[in-house]
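Should a chain be cited, it is by its letter among A, B, C, D, E and F, assigned in written order, with residues numbered from 1 in that chain.
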């Protein structure tokens, strides 16, 4: 197995709050991330796929193909969007960096073929806040 | 003259639109930056101050002091905020990276002493979109 | 005046040699940069344009427009190319980082309007080798 | 086990094509990476070695030693070279980032002692295209 | 399991030498790292914690909490310090990047709760010298 | 004029204090930068030289030559050293980032020829603390 990774970026806004909680509790737990008008980030996403390089191309997966899958399935949905309101597959989910990365996994998993084994997603919200997911226990709970 | 620079970051959301225009015109000009729920960035700000190093301290300006001025006057106002709705000094201003950097100049200018000469502001909206301002023609027009 | 910058990258190969010289002289002067089969870099280019933000848009220049000009006039010509053989506007020019940046200036200068004042180009060949050009004395000499 | 990593860079050119294919097929599959005169990259390589820190030195491996092994065995062969034509150990191999990283593994594996356990190689071709290899199924197929 | 990482930096000085050795042996083994007055680095530390996102918050661990633990237990002890003389928990330990990362593990391990599973520490001494630790065989030997 | 820049790094330790002051005053002014055993940084230095590209080489200055001048005159003196005690040309100077950059200018100025015009030095002490110098009023005061 060799692992190839494609890196991409997108800009989005979000707000951390739990609609089942009082304003006070949301403020206490999420603090400045709970700003009602939201705030935003330049997210960085790395998608890692594993496999054996094809003897005819030397490719585990053509990274141009992987780039297009990520663009079509992820970037188009989240770039220049508000993650709480504009993204169907994040509906009802508190958009923490760890919840988003699991949601991305579920989307990408079904966009790859059998041979293109999704190994890892890594998502930077800022240079200092990062989440990684390897497909273990992919359930995220909606607050709905 | 020696120039010292302090770098800081903040996360905010914004929407590019001109309230005097139709939705169609806004969409045509600002495209995906016009998403109604906004989108966001991890902004990077560099503030450059010039002067002669003080013979007793070796400092043009104590960078801890400059850091605190930026924190108090800029970061507190814009970090984890929506630049269109939450920031008094950006009210009525389309928050493009070039308009924001001029607005920051006006704020910082009055927060420094005579000796602490503000030379340059540099603001990254993304790694690829950057504005710089040296205090020439500081007027920005409100759409109000 | 406010200055806005658009950053882009491209991958190209080149060889430093002067066809008017002997192999020995080329090797002595250009050393490993003279490898006959060439070598390559991920170049980074920053294009800076200055102006007054338009009161209706807040833009000095729409960075999407600047991005497209750079893509059309520069990237299309040099990305995934050999700079010695594949680029018309570099023909007869030793592709050092300083010669390339001047050649780019001449191309971009004529692609901008009167209001879009080209201020500066910055070109990284590696993280450690950089050239900047502000349009002073733009002549580069062909070895032809 | 503690893992130590040494990072290095080199500049090289390459061309992706399969000599057993027609020009049309090469163009279709490899697109702009198939430019006949090649193109190039600033590659970044990270070499990770694992072990128990020596009680007398605190070193898993002296990183100066690892640096020199990488310089001697890898950099000397590939820096400022064309990977298709100038590198013996890449002869007959399509120089995709995943094939190169496996070829580097085979070289480095035999340059380390029993105690210096090679754990991982990570190779960036660009900031966005990356391959990793942990020594699983190290065969790469020559097109010869 | 999802993994979240908090990144932080600190500036410290150190000297690599073994007090049980002669000056000559220290110089031979540690070379310029053995400078008697020490030298220093801007260290970068990444702390990775794994868990299941809490359905009510979407957090594996509140990264603000993790940030504060790292600040309190690590940064306060090592930032702007000399690692050989000023840090209790490094006393008697040769401060190589691999020994420091293990020492940090031992400190952080006891600062987290049962649910906050410490997975990995990654420490950069420079951009090119890095150590990682996953808690395997955590003993480091004092030279005392 | 075209400007070429060579970037390099070095690791050093320093302590900010004025020997003419009491310990209390040093602590009050320099705070944690005054740690008696010192602390350290990975400094980044960029040296910019301006000129007209030579028609025969395409070089303003051969960057390999500039690299060697910086290595010989600066790196050799400061890398893996304590800037307060180990560097002759910093003797009696409080090693703030702005004082160091002026001292480097004085050294480099006399190491270049007439044609190699030193334009700018930029020195990062950390990612967030930076000094730049263009040769204006180069006097730095010794505390001796």
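We take it that contacts are C-beta pairs under 8 Å (C-beta built on N, C-alpha and C of every residue); 3 or more make two chains touch, one makes a residue touch a chain.
These numbers come from a predicted model, not from an experiment.
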Q: Moving only from a chain to one it touches, give the least number of moves from subunit B to subunit D.
A: 2
Q. Subunit B and subunit A are one sequence twice: same or different residues at the contact, by the over-half rule?
A. same
Q) Which listed pair, A-B, B-C or C-D, reproduces D-E with over half its contact pairs identical? A) B-C
Q: With chain centres defined as mean CA positions, report which chain is farthest from subunit A.
A: F
Q: Identify the chain pair with more contacting C-beta pairs: B-C or E-F.
A: E-F
**Q.** Most widely separated chain from subunit E, with each centre as the mean of CA atoms
**A.** C
Q) In angstrom, rounded to a whole number, how far apart do the mean CA points of subunit A and subunit D lie? A) 29
Q: Express in whole angstrom the distance between the two chain centres, defined as the mean CA positions of subunit A and subunit C.
A: 35
**Q.** Residues of subunit B engaged with two or more neighbouring chains
**A.** 127
Q | Interchain contacts (touch definition) - all pairs | A | A-B, A-D, A-E, B-C, B-F, C-D, C-F, D-E, E-F
Q.
Quick check: in the complex, which residue numbers of subunit F touch subunit E?
A. 9, 11-14, 32-33, 35, 37-42, 79-82, 84-86, 126-127
(Q) Residue numbers of subunit E touching subunit A in their complex, please. (A) 1-8, 46, 48, 52-53, 55-60, 62-64, 67
Q: Would you tell me which residues of subunit D are touching subunit A in their complex?
A: 16, 18, 20-21, 29-31, 93-99, 101-102, 127-134, 136-137, 140-141, 143
